[in-house]
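Okay, got some structures for you below.
You will see two complexes here that share chain A, one where it goes with chain B and one where it goes with chain C.
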Partner chain A sequence: MNSMNKLVEELKGRFTLLEVLLPDQQQLIVDIDQMHLHALLSHLKATGFRQLSLLTAVDWIEENTFQLVYIVFNWDTGIHVLVRTKLPRDKAVFRTITGIYPGAQYYERDVHEFFGVAFEGNVMSFKPLFLELWDELPPMRKDFDPEAYSREKFPERPYVPQFVPKVEVVE
Partner chain B sequence: MKEVKLFLGPQHPGMHGNYSAHMYVEGDMINKSYALPGMLHRGFEKLMERRHWMGNLALIPRICVIEPDPNEMVYAMSIEKLAGIEVPERAHWIRMIILELARLAANLMAIGGIGAPVGLYTSVYWGVADRDLVLDIFEKITGARVYHMYIVPGGVRKDLPEGIEEEILGLLDYIEARLPEFYDLVMRSPIFQTRTRDNILLPEEVVWELGVTGIGMRSAVNKEYDIRKVKPYARYDQVAFSLPYGPYSDAFTRVDFKYVEMAQSISIIRQSIEKMPKEGPVRARIATGSALRWRVPPGMVYSCVESARGEYGYLVVSDGREMPYRIAVRGSSYPQGLLGVEKYLPGHRIDDASLWMDTMGVCAPEIDR
Partner chain C sequence: MTTNSKDMRKTWEKIADYFRAHSIWMKWYCTGCGAIEMPPTMTSRFDMEQLGMGPMATPRQADVLLITGYLSAKTLRRVIYSYEQMQDPKYVVGFGSCTLNGGIYFDSYATMTRLDHYLPVDLYIAGCMPRPEAIMNAFDTLIKMIEKGEAKGWRHYQENHDWYRKNQLHSLKEVYVKDEFHE
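== the complex of A and B ==
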């Protein structure tokens, strides 16, 4: 717990954090504005948080924002830090972190495909990855309705019992 | 020589699941490659947002076929943290037994499976046959062989059947006696040695660059980096075990570490059976009334466990309603399966591409989640 208190104090001293939460003894959630996110991640990486465990997004449609969540891990202290920042939903553009954590390349591509968040500086992130020839809203957005999509894309067909042709057996 | 485009997978004995690597090859050297996932995309994360908290239990184990139990564990851990549920003592130990049996099954499959890319098919049959004995135990405990849906929020679904402890101990004795035979068959085999020694290297810088965890990481960074040690969950802090680690990671070391870890899993299960309370509740009551109306307090939490292939985690977000607001899956093989294939497969030979997939534990469904 000591190392956690030290970390919280240090981060509070260096950065303007919008919110700090402790959901667990070895987990810290910090909210920061877009401008300072890269500085915070660089600082964390330099102080032992060498691994990016996950980068993902949450669509808060009622607030009209996307929340990006960067999860970094320090293997020596066992602390996970969840760095979160919010983007306006109608202007979902952010800058890449591949300069800090190169492993983010595919996570950014993933988030771009499923949420439509563009990452400037990561050219690869604009290429499709999982969904082939996708022509609809990014599917993890809350306003995408998978049921309506599949009804439209795969219309119901009448059930035809004799779809297997009868073969006459010649003795 | 002319460069040719070659597809490894999705239908290929050396490929793990419905997954493909497109390679540009010259002779048998890979010049360029990229992973092509998407053939197994079932939209788990979206589906989970449209099911009740309890209904998701049937869905989550399917995210990784080889090792479904870590999924159940991280989901349960997340909900317990959000809702402040205290898990009964006996349930913690049962969970550990289940997780270690799952690790044993996954490692048996991996050590057996390495036979396919190197051309040593006997090990495949041995590995799968012995894994089946572990699945028999799972069937007796949970009623299902592969997808158990046994670790649930609040504990485990039901208590262990009577007399299962003796059966588990009997199985462990059998597997322990089999381990030297596996060593002779696989690790000492000249075919295996030639193909894996000093091949498919994973330097420490690459581990940090990609975010590789698990055996790949421990064999490269020379430290005992394991979630069970670094941030123990369940009752891992009350059992004694030591994990192999080293500074040089080639394909041989990684398979060797899997072999060593099997003995550690056996030891952990034995200690758990000895130390666990012999009776007591196994499931905390999480809510009164119907599970369909059960709500989880709003919040966001990340939970992770050490699967046989590395850090496996879920980010769970609740807005206080009957269904999860968002669940994001951190598959252990995501870094090495995508960026690893693109950056570090070039420079190897075609026949070694499967060795990368195998010794790094690439599991397609957890990437295509």
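== the complex of A and C ==
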């Protein structure tokens, strides 16, 4: 807990954080605006958070924003930091962090493929990763309708109920 | 597959089918969760070798293609490749409700809802997931079907290749596998 307090103090002193949450003893969530995210991540990397555990996105369709979530981990203290930032949904472009964490390469491809967020500075991120020949909206966007897509693309087996007994309702 | 009640096989085919039925090499394509039921089926607990079946590592030497679970669009391309590499006669067994009607992934943008649209399925095993008893039962049925000449999916695939190809292309756009790691 001690190293956590120190970390929170330090981050608060150095950066303008929009929100700080402590969901768990070993977890810290910080919200930061887009401009300062790279500085914060480089600082974390330099102070022991060597591992980028995850980069993913959340589609807040009603707020019209995408939230990017970067999870970094410190192997010495066992602390996770979730760094979150918001992007406008209609202009979903951000800058790559592969300069800081080269492993973000594949996560950025993933987020681009499933949410349509473009990462400037990472040419590779525009290559499809999992889906082959995808031609629709990125499937993890909330305005994409998977069921309609499935109906159209993958015909269903017509269902003929043969074993359903007739039940008479007695009142 | 629809089965004709009349047996149209020649005598040598009957003999061949008798031998085929009792020496089956199976390739199982572990696409979904159901693959976890294969180890007990193959090893000492249920021991599928008592039916004269053995596992085979490559499609070219296998007789049975077992599809254990849901197929994503990406896997289906590979499965079609594997199936077309197999020598005739070949049999397909669909395993689990996902191959039957999509199972719990019926509304997924990534998975197929019915396998027999793309490959000729000789036998389905219902259940999510089927227990090894059900698998052994199905293999027993498959052996009987082969012996009686009822497992004719491979012929159906040859005769209705256009229909299968049309469905494959409708769902996949292209069957050709482009693999980043083999470019």
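As a working rule, the second predicted complex is superposed on the first by the 154 of 171 C-alpha atoms of A that agree within 3 Å, B and C clash if a C-alpha of one lies under 4 Å from a C-alpha of the other, contacts with A are read in each partner's own complex, and residues count from 1 in each chain.
The rule is short, and it goes like this: contacts are C-beta pairs under 8 Å (C-beta built on N, C-alpha and C of every residue); 3 or more make two chains touch, one makes a residue touch a chain.
In this text, all values refer to a predicted model and were calculated from it rather than measured experimentally.
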item: Comparison of chain B and chain C by chain A residues contacted; value: B
item: Which of chain B and chain C A:27 touches, first, second, both or neither; value: first
item: First (chain B), second (chain C), both or neither touched by A:96; value: neither
item: First (chain B), second (chain C), both or neither touched by A:146; value: both
item: Contacts of A:73 with chain B and chain C, given as first, second, both or neither; value: first
item: Touched partner set for A:59, first chain B, second chain C, both or neither; value: first
item: Partner chain in contact with A:133 - chain B first, chain C second, else both or neither; value: second
item: First (chain B), second (chain C), both or neither touched by A:155; value: second
item: Chain C-contacting residues of chain A that also contact chain B; value: 130-132, 139, 146
item: Chain C-facing residues of chain A, complex; value: 127, 130-133, 135-136, 139, 144, 146-147, 149-150, 153-157, 159
item: Sites on chain C touched by chain A in the complex; value: 73-74, 77, 100-102, 106-114, 117, 167, 170-174, 178, 180
item: Touching residues on chain A, where the partner in the complex is chain B; value: 23-24, 26-27, 29, 50-54, 56, 58-59, 69, 71, 73, 75-76, 78, 80, 82, 101-103, 105-107, 114, 129-132, 139-140, 146
item: Residue ranges of chain B in contact with chain A within the complex; value: 37-38, 41, 43, 45-46, 50, 81-82, 208-211, 213, 223, 225, 227, 230-231, 299-302, 304, 311, 313, 315, 317, 325-326, 328, 330, 334-335, 338-339, 368
